[in-house]
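Shared chain: subunit A. Partners: subunit B in the first complex, subunit C in the second.
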Partner chain A sequence: MDGRLILAQVVAGVATGALYFLVASGLTLIWGALGVVNLAHGSFFMLAAFAATTLVHQLGPGLGLLCALVVVPLLVLVFAVALETTLFRRVYVGGIWGQLLLSFGLLLVVNDLVRTGFGAVSRSIVAPDFLQGFVEIFGVRLAKYQLAILATTGLVALYLWHLLARSRTGRLIRAAVDDPAMLGAVGVDVKALRTRVMGIAAVLAGIAGVIAAPRGAVNTTIDVQIVVIAFAVIVIGGLGSVWGALVAALLVGIAEALSTLVIDQGGEVVIFALMALVLFVMPTGFQTIAGRD
Partner chain B sequence: MEHLSWRRALLLVLLGLAAAALVLVVPESRLPAVTRTVMLAGAAMSLNLLIGNAGLVSMGHGLFLGFGAYVVAIGSVKHGLSLSWCIALAISSAVVLAVVSAIIALRARALFFGLLTLALSQVAFVFVARNYALTGGDDGLVGINVPKWLDSDLAQHFVAVGVTTAVCLLLLMILASPFGAILRALRDNPERVASLGGHPKHIEFIAFVIAGILAAIMGVVAAITDQAVEPTLISWTTGATLLVMVALGGRFTFLGPILGVVILETTRTLVQTYSEHSDLVVGLLVMGCALAFPEGIGPSLQGSRLGRWFGGPVHMAEAATPPSTERTAAP
Partner chain C sequence: MRLMQRDARKALLVLCLGMLTATPVAAQGEPVVIAGTFDLSGAAADVGKDAFEGAKLAIEIVNGRGGVLGRKLELRHQDNGTNPQKSVDQATAMIRDGAKFLMAPQSSGSAIAVNKAVSGKLKIPTCVSTSTADDITIKDFQPYIFTMSANSYMESRAIATRLAKEPFKRYAVISADYAGGRSGANRFKEFIKELNPNAEIVVEEYPKFGATDYTASINKVLAAKPDYVWSILFGADLITFTKQAQAIGFFEQVNKHFLALYDGNTLKALGDAAVVGTEGWQRVPVNIVSKGAAEGQAYVSGFKAKNGVYPSDWAGLAYDCVMIWAQAVEAAKSIEPDAVMKAIETTEFKSVRGPLKFGAFDHQGEVPVYIGKVVQSKEFGQPLLDIAEIIPGSIARPAEDVVRKLRGN
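Let's look at the complex of A and B:
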């Protein structure tokens, strides 16, 4: 096995991991700030991916994807805010069981609606012309679209870092993760903050859904697929920790990509084996918020 | 507090007889669906030993269900073993699997425990779904040989009902025993159990192994009644569905899981015959229940006469605790 091939796989793995990070970071934020295990988080991803394929079919690969990247996350945002204010808000107090039931039901409903609205047939779209093919950097052949994914997710991650570490919203979110009761007591509108967190998480999943669409088949099983992987990622990274999720997502992506060099199929088995291994050694993941085990 | 009384045991047997008597009412074409519901009811009951009584939220219970089914299928289809050998093999190897996965899964606590069980079942699922030579891969295995007396929908239904009733009786005995009491004590206050000289890990370990073996037995039933297996039985969809059924029926009520299974499965199969939107209807039903009965339907029946039949409340302290109190422990 030569080094260049391995290096190319590592880059591909980082690109996949970057996508996982976008979904997982939202999931981990929702868990941290809302205390909700949102099984339906992958539905945002799937909705975005289907909406992106529709736009690309209508407007062509270049313009369609660009439009999708702007419009679709906004639509997902509206959907998520509507869900939060009408449904999720009612199950925060009741504890994990009501949330589990609600998000599971939501998963089924959205899946059924997508199947009805977009059809059960698997869709695939091509990347825009200028993002097709490969470039050679230091003799390593890299797919242009992977580099585009890396650039986009890099920007989004940078914005997320700015949002969480440098803005007032971020400080409030971190405070809500630590102690929502105290945050409410000092006069912050925790309700509105939670809506905002749900919105941010949905936008992240929406962006991931759009840029993932040209990479593979878009069908009605990807919602469950991505949310299970995202759960693996946030568990490895430590629940509630965004940057733990980043490390874990890259690790998972690279491990998955490298495993394809050794075994034919079954990259997923590597993800869950990794998760079982990490939890066996570190039962709370890399980095967990204290008091939330 | 669960207690073993003749009345409750008799009630279970009567319930079993009623389930068996469904063959008189249900049209023949619907019988396999009813049999499947009965099988799932047994699996959900075994899962609730962990969820409602030990406080261990396992999300990967499908692992054991699928394992039992697959051992029977592989033994019968690939190696031509007789059914009794397959069953013996399935149950004995399920003990090993349950012990190993208990050792791994019980390393973690609370939500992490659940996600670790999910990871284990997903590893098994991908292994089974990709390994065409041994397990038939995505297509599963078809053509499990059963003895002649078992080769009818009627006989299979009776077997499923019989095994599920036996499993429920066994669970009632376990829960009524001192072991059951210490299990619930552990769920409510592990530190106290430890300070009184109990071994929380040992007790949880035993509960996990028992639940795993019982689920594998229900898996054997699934293999016999379907005469075929497919990998989704192992995947997290099965585990999550069972979890939702338990949550929907009420995890603090002895027969709650059965209630959840019956409601969800009946709705699903009925809607399926009229339209393809069974997911939509079931999803809306589950969401409605989440808003109306976040602790499950069973407890809200508790006050009525019907509710007393389902068994008294076990302990509702957990239900009354708002999540905010768990979070104040941050440094």
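Let's look at the complex of A and C:
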């Protein structure tokens, strides 16, 4: 088998996995700290992508994308916080079915609203000039824009590391992952912490939506497409584990890309086959989270 | 007593006769209901929405001309969410509610389901506007269906006919992984080898429908060093593929020897990212029909006046569905299903793409396939296909003996 092609597929898989991680990290944070399966996480991603296309159409590829990277995640944060304080808060005690029902309902409502507002036809924006084209390393071509996605993912991973390992919020989130009841008993405002986590997750989905927009078509199907993959990633990574999600996202991306060398069929089969395999060997994914398995 | 009974019998007879004569009078004033289960949400929403607009415009125009047989048309529609089961349920309910004509859903899966589970069983004339699935007119054919798109047999045959004249030998095939895509790819492989014995398929790739990243597929295709890349990607998939392929210099590496279903909407969405010089095929290219038959000109100007934008291929196909059915009703002088379908088989219709006939043995519209190169059009303010060749339906369509053989008759 062509060694250069294998290397090219691994590089492509890492780049794809980086985007998966951006979405999955927020989703797994929400599960870990809030115990909530938030299907509407895909809606945050989709809203951000549509908002990015609007800004780029108005301001041009360079300024538009820069503005989108700053403004859109904040707008998504405001939206997510509003949802958390008005709706999600009411279903935490109701268990997983109430949460699933609420987040699935939100997914449908947001999808309908976006379709009404933006239309059903796919939208497309171009990347800024300086991010167009590719670089060639050891004979392998990588789009400059994918490099930008990798760099953004690296920055986000660093931020998450700092947040979780070095900040007070991170300590509280980790404590909430381990034992949310105890956290409340020692006087921590668990409600405010949950709102903060929902906000952080939404910002991550917002960033992912913005940087994904110039890579492909933006339409009302991307919410479900991305959330299905993100769920597979967080299940493989271990529900609630950010670093497990990082490893899983890269693994999923690489497996998808490498699978093209042996089968000619769509990558979804590979994702779920990988998930089944990992769960068969490690039933709680790569990293077990106490109280969440 | 006997007198009273005789009087009652007379009264009953008069009442029955009155009802019999009154019914046609009342029906004549009632609108004829057209049912449509459209893919207004879900994976095929962009196609479904345009098809809906095309159907609405056609009904407005027909009603403006006085309707059919003196009766106005009324469109009753539902959103099926690109879901075959929902499509079947909706279509069944609307037909049982009195619809006389059915617009099939746009996605192939739903159109096939409605063809098999509704149209034939309830004996309702049904038009398939956008699906190219061969099964509809070949394997699963039933006499109440007719189709407005060239099926994948015809499109693949038309494209292979054109490409066989070129010196290309090494072909790559890339399609989304769904039934229609696989069937189209199989047909293309069969025809290109038949028409050019030197041709070989050096790589095949079927990424998932709605994939978010095609880089791995692009790498695989490039590694096989094809002379020509044939693709049946379309819509959002084709937009994403084009952008990601462009980003790593794919089109330059294959000397722009790439062909896909670059319909008007896809090219419009791509805008400046459309790759000038690559090839595509279309079903109802606006730059051709707006300057062709009178019906095409009226359709394009009517759509632009109503919606402020040029119509897509999908709108044109649905528009023709309604217009052809309305002409069939006038030709049959009846809205009864069997009479209408007889007219479909025997009449030459006026369509936006010019004169149109249907095969009596498969009800497949003998529509042309338009093939051309991507250009930026100042006139239309968006990229378009500069149509280089129009392959007539009569050349690309399967002959009756071929259809019967494929059906196993």
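What we mean here is this: the second predicted complex is superposed on the first by the 285 of 293 C-alpha atoms of A that agree within 3 Å, B and C clash if a C-alpha of one lies under 4 Å from a C-alpha of the other, contacts with A are read in each partner's own complex, and residues count from 1 in each chain.
Keep in mind that, in the parts below, a residue touches a chain if its C-beta (ideal position, glycine included) is under 8 Å from a C-beta of that chain, and two chains touch if they have at least 3 such contacts.
No experiment lies behind these values; they were computed from the predicted model shown.
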Worksheet item: Overlaying the two complexes on subunit A, which is it for subunit B and subunit C: clash or fit?
Response: clash
Discussion item. Quick one: is A:145 in contact with subunit B, with subunit C, with both, or with neither? Answer first, second, both or neither.
Written reply: second
Worksheet item: In the superposed arrangement, which partner chain does A:132 touch: subunit B (first), subunit C (second), both, or neither?
Response: second
Worksheet item: Between subunit B (first) and subunit C (second), which does A:216 come into contact with in this model arrangement: first, second, both, or neither?
Response: second
Discussion item. Quick check for you: in the superposed arrangement, does A:94 touch first (subunit B), second (subunit C), both or neither?
Written reply: first
Worksheet item: Which holds for A:183: it touches subunit B only (first), subunit C only (second), both, or neither?
Response: neither
Discussion item. Let me test your reading of the model: by the given contact rule, A:15 touches which partner, first (subunit B), second (subunit C), both or neither?
Written reply: second
Item to complete: Look at A:68 in the shared chain and tell me whether it touches subunit B only, subunit C only, both, or neither; answer first, second, both or neither.
Response: neither
Worksheet item: So, A:280: does it touch subunit B (first), subunit C (second), both, or neither?
Response: first
Discussion item. Quick check on the superposed pair: does A:260 touch subunit B, subunit C, both, or neither? Answer first, second, both or neither.
Written reply: second
Worksheet item: After superposing on chain A, which stretch of subunit C overlaps subunit B: 110-118, 164-172 or 200-208?
Response: 110-118
Worksheet, complete the sentence: Intersected contact list for subunit A, partners subunit B and subunit C 111-112, 115, 265-266, 268-269
Response to the item:
In their shared complex, subunit B is touched by residues of subunit A numbered 35, 37, 39, 87, 90-102, 104-113, 115-116, 178-181, 224, 228, 231-232, 235, 239, 265-266, 268-269, 272-273, 275-276, 279-280, 283-285, 289-293
Response to the item:
In the complex, the residues of subunit C that touch subunit A are 40-43, 45-46, 48-50, 176-177, 204-213, 215-217, 219-220, 223, 235-237, 239-240, 243-244, 247-249, 265-266, 269-273
Discussion item. Considering only the defined contacts, which subunit A positions touch subunit C in the complex?
Written reply: 2, 4-5, 8-9, 12-13, 15-16, 19, 111-112, 115, 119-124, 126-127, 132-134, 141-146, 212, 214-217, 219-222, 225-226, 229, 256-258, 260-261, 264-269
Discussion item. Which stretch or stretches of subunit B touch subunit A in the complex?
Written reply: 104, 107-112, 115-116, 118-120, 122-123, 126-127, 130, 236-237, 240, 243-244, 247-248, 251, 277, 279-280, 282-291, 294-296, 318-319, 321-324, 326-331
